[in-house]
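In what follows, chain A forms one complex with chain B and a second complex with chain C.
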Partner chain A sequence: MNLAFILNNAPLLMEGAAMTVALAIGALLGATLGGGVVAFLRMSRHAPLRYVATGFVEIMRNTPILVQIFVLYFGLPTLGVHMSAFTSAVLAMSLQNSAYIGEIYRAGLVSIHPRQREAALALGMMPGMALRVILLPQALRRVLPPLGNQLIIIIKDTSVASTIAVAELTQASKLLLDRSAAPYETFLTVALIYLAISAGVAGVLKLAEWRYPVRAS
Partner chain B sequence: MFHRMSRLAGGLVALAMSLGLNAASAQESRLDTIVKRDKVIVAVSSTARPNGFIDENGKLTGFEVEVARLMAKALLGDPDKIELMTTTVDGRFPAVLSGKADFGISTATIYPDRAVRLAFTRPYIDSSTLVVVPKGSPIKTLADLDNENVVFGSTNSAAMVDRAKKYAPKANAIFFDTDSAAALALKSGRSTAWQADSAAVNFFVGHNGDEFVVLDGSLGTINNNAIFMKPGDFPLWLALDTIVREYVNGSRYGEYAALYKTWFGKEPPPQRPFNQN
Partner chain C sequence: MSDLTSPATSEPLVVIDRVGKSFGAVDVLKEVSLTVAAGDVLSLIGPSGSGKTTLLRCVNYLETYERGLITIAGETVGIEPLPDGRRRRKSDRQIAALRAQVGMVFQHYNLFPHLDVLENLTVAPCRVHGEAPGPVRERALALLEQVGLADKRHRYPSELSGGQQQRVAIARALTMQPRLLLLDEVTSALDPELVGEVLDVITSLAADGITMMIVTHEMAFAREVSTSVAFMADGRLIESGAPEAIFEAPDHERLRSFMQRYRAGNQL
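And now, the complex of A and B:
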């Protein structure tokens, strides 16, 4: 293990890591917000909205992220839509993970006993208020652990962006590997950087779980 | 007590012998392993036309794949005594350094930084880097590449990245995992120019000649593409290097020349002149 080799190439890896963080932030925001929309539509009273959301979820989670990224990046220009590689990657990761996170949100909401909603309405709350004050706070506490898993998966999925020329951490490591033929030093360092980024997000979520524990309902 | 001691001593001797044997086998050349195995394991590419790719019949073929078979023929007497291990550009060196493959033939350019950690034979082919643009493109010469409006695509290899920085610093350079993806970027309009190995470019333009043109001249210097292997195994390196020499410039030149002509449609560089004096 050659430590000097890693230190000499640290700037290249750090540039890649910064791009990975930017991709992850974009995709995390897109997916957590998009997941809310998906969950809302999946639980809608209007059947057509439910069908659309169900179709979206099935398409997104049953096709590989690589294919989705290629469709957005290489496919859309043939229809006259040109997005940058960065935007294509963030959008693809946001769309796919919206489907997963939407299902996580929905699972959290349906896990709250229906009588709680009935009780809230009986006390004179409007449906919106019952959702906001009674159901959502409890559901969000319950979804924190699976949500944390999904957010970490998103961070690791950012590596797929290297396939469409986004200069993120994996691409930087591939370039370094190609130049030096030093796979062990390169991959170990890159794994540690990914671990640090993921551990940061996992730590924040652990803190949130500790601060907002699930209470018996 | 004596029995216990003697059993312990016997165990230690057996352990020492097995360690000694392990040490001896660790020093054994991979060449012996290949001969005993009666099969050679070679890392090749499957996404780099015409060097290594899956053809219309689903068969892995290409110039380098067939060179790999020639190596098997020279080593073991049969071109089919081979296991082809397909890797991506970034997986080719780990494939040999980890011992999964005996050696690799995968568009690897000899590069001084690489020579520190890999052993290369002499080159089996020269290559140069050519640039392709769509027909009617405002990019008419290699000098036109150095422009902010140029999106310059290639694979994410060190040589390509360095060339893009050197010859087109103002261009927006984008790098892909494979030549297939870089070619697709040019076809879909994602890039406005594509630099690649001459073999890949000639093959691409041969199949898309009415849409794309190759710019005159070569970008940068001539490269040496060579077989690579884990360093430190002199007998294997010597055997491979000797075989390459015999194909490229010696007793088996005819087979090499026929293969070269099949894939590139022209004669390879001639053998060195024979000195009759």
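And now, the complex of A and C:
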């Protein structure tokens, strides 16, 4: 066990970890907000909007994330659209996970009995207020477990950005591997850092589940 | 404090004028006309599928209706008749404003499970009317006192019995200070031993002069609490009048046989 090697290269690993966290924050925000848009469109009363959203979901979840990143990073420049590797990675992960998270939100909303909406409307709430005050709070509580899964998947998927040379954690570990032959120490350390980040987010979600429990009606 | 107890005026509070509704080819409401004066308690009775719940749900526009017109205090419900005879749906805002004046209690209580009892009562007055939380809270606590559940104010609906949940639902509707209260088979989902506590609350509201339209299968209760009773069958209003007349001297054959079946069922 070559601990000295890891300690000597700690700054590089920490920079990589910071970049991984930055990618994850960008993709988590993009996907949780984009998921809201997808769910809203999927449940629209206007058929064309539903079709567009359904098409988006199917394309996004039926193609690999790596291919999507390549399309944005290598494909779009031929159309004159240029973006950094970081932006490409965050955007691709936001788009794909918008599809997954949109379906999670939608599942939560359709699981709330229509009587809840009726009761809110009968009290004089407008449809938007009924959604915000009565339906969404119940739906989000129900989907915290699958939402947590998806958020953790996003964090781990940030490693894919190493393929377009974003200097994140996995990329850093590959650099270290080139410098010396300490693969065991390097990848074990990297795995532990991913574990720490993911477990932190999982812990926050557990806390949220405890604070906002699902109650029977 | 509210319009609920305002004395009866010459103009009825609710006017249902030749209302008709169809689900596809089936006419579920046919030319139904009724009026309810302020302070009245009208019970709608009749066999299942007679259209009484549908009619009640038209009064706060949870159901649309295609023909005729419902007005509450002179304001048309849900639709705007145009001079050329066509009808236009009112805006969501107009419909919501009308619903805010009409309380509704449902068969399945429909309390908000993520809010505690007190929040169930205060959420609509605070959000819909933008009322200050303090006075709303006080009003809500007084109503919980009235339905005998002040000690449950920090419980969640899932922690209450069906009868308690329904009493909370009644208090929730009243916290909005409606002009009219609609009750849709409010004891039908309850265990028999819990029916009495809910009916007692409604009886006390009637004594307070709160205007109500009640869809019910509880005939003894309807007779006791109502100022008038309307009997419906097959989407039609067959007969309406004072409770004594409806229960003791029904004119129509349909109503007579309905009463006979009811009495026979009650003796079993």
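By definition in this document, the second predicted complex is superposed on the first by the 217 of 217 C-alpha atoms of A that agree within 3 Å, B and C clash if a C-alpha of one lies under 4 Å from a C-alpha of the other, contacts with A are read in each partner's own complex, and residues count from 1 in each chain.
Basically, a residue touches a chain if its C-beta (ideal position, glycine included) is under 8 Å from a C-beta of that chain, and two chains touch if they have at least 3 such contacts.
All values reported here derive from a predicted model rather than from experimental measurement.
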item: Partner chain in contact with A:Q138 - chain B first, chain C second, else both or neither; value: second
item: First (chain B), second (chain C), both or neither touched by A:M125; value: second
item: Touched partner set for A:S162, first chain B, second chain C, both or neither; value: first
item: Partner chain in contact with A:L41 - chain B first, chain C second, else both or neither; value: neither
item: Partner chain(s) touched by A:R115 [first = chain B, second = chain C, both, neither]; value: second
item: First, second, both or neither for A:M93, with chain B first and chain C second; value: neither
item: Touched partner set for A:D178, first chain B, second chain C, both or neither; value: first
item: Which of chain B and chain C A:I69 touches, first, second, both or neither; value: neither
item: Which superposed partner A:P77 touches (first chain B, second chain C, both, neither); value: first
item: Shared chain A surface residues [contacts with chain B and with chain C]; value: none
item: Chain B-facing residues of chain A, complex; value: 73-75, 77-78, 82, 85, 162-165, 167, 171, 174-175, 177-183
item: Chain B - residues contacting chain A, complex; value: 89-90, 93-94, 97-98, 111, 113-114, 116-118, 153, 156-158, 161, 174-177, 181, 184-185, 188-190, 228
item: In the complex, chain A residues that touch chain C; value: 115-116, 118-127, 129, 133-134, 137-138, 141, 212, 215-217
item: Contact set on chain C toward chain A in their complex; value: 60, 62, 92-93, 96-97, 99-104, 106, 108, 110-114, 123-124, 127-129, 156-158, 172-173, 176
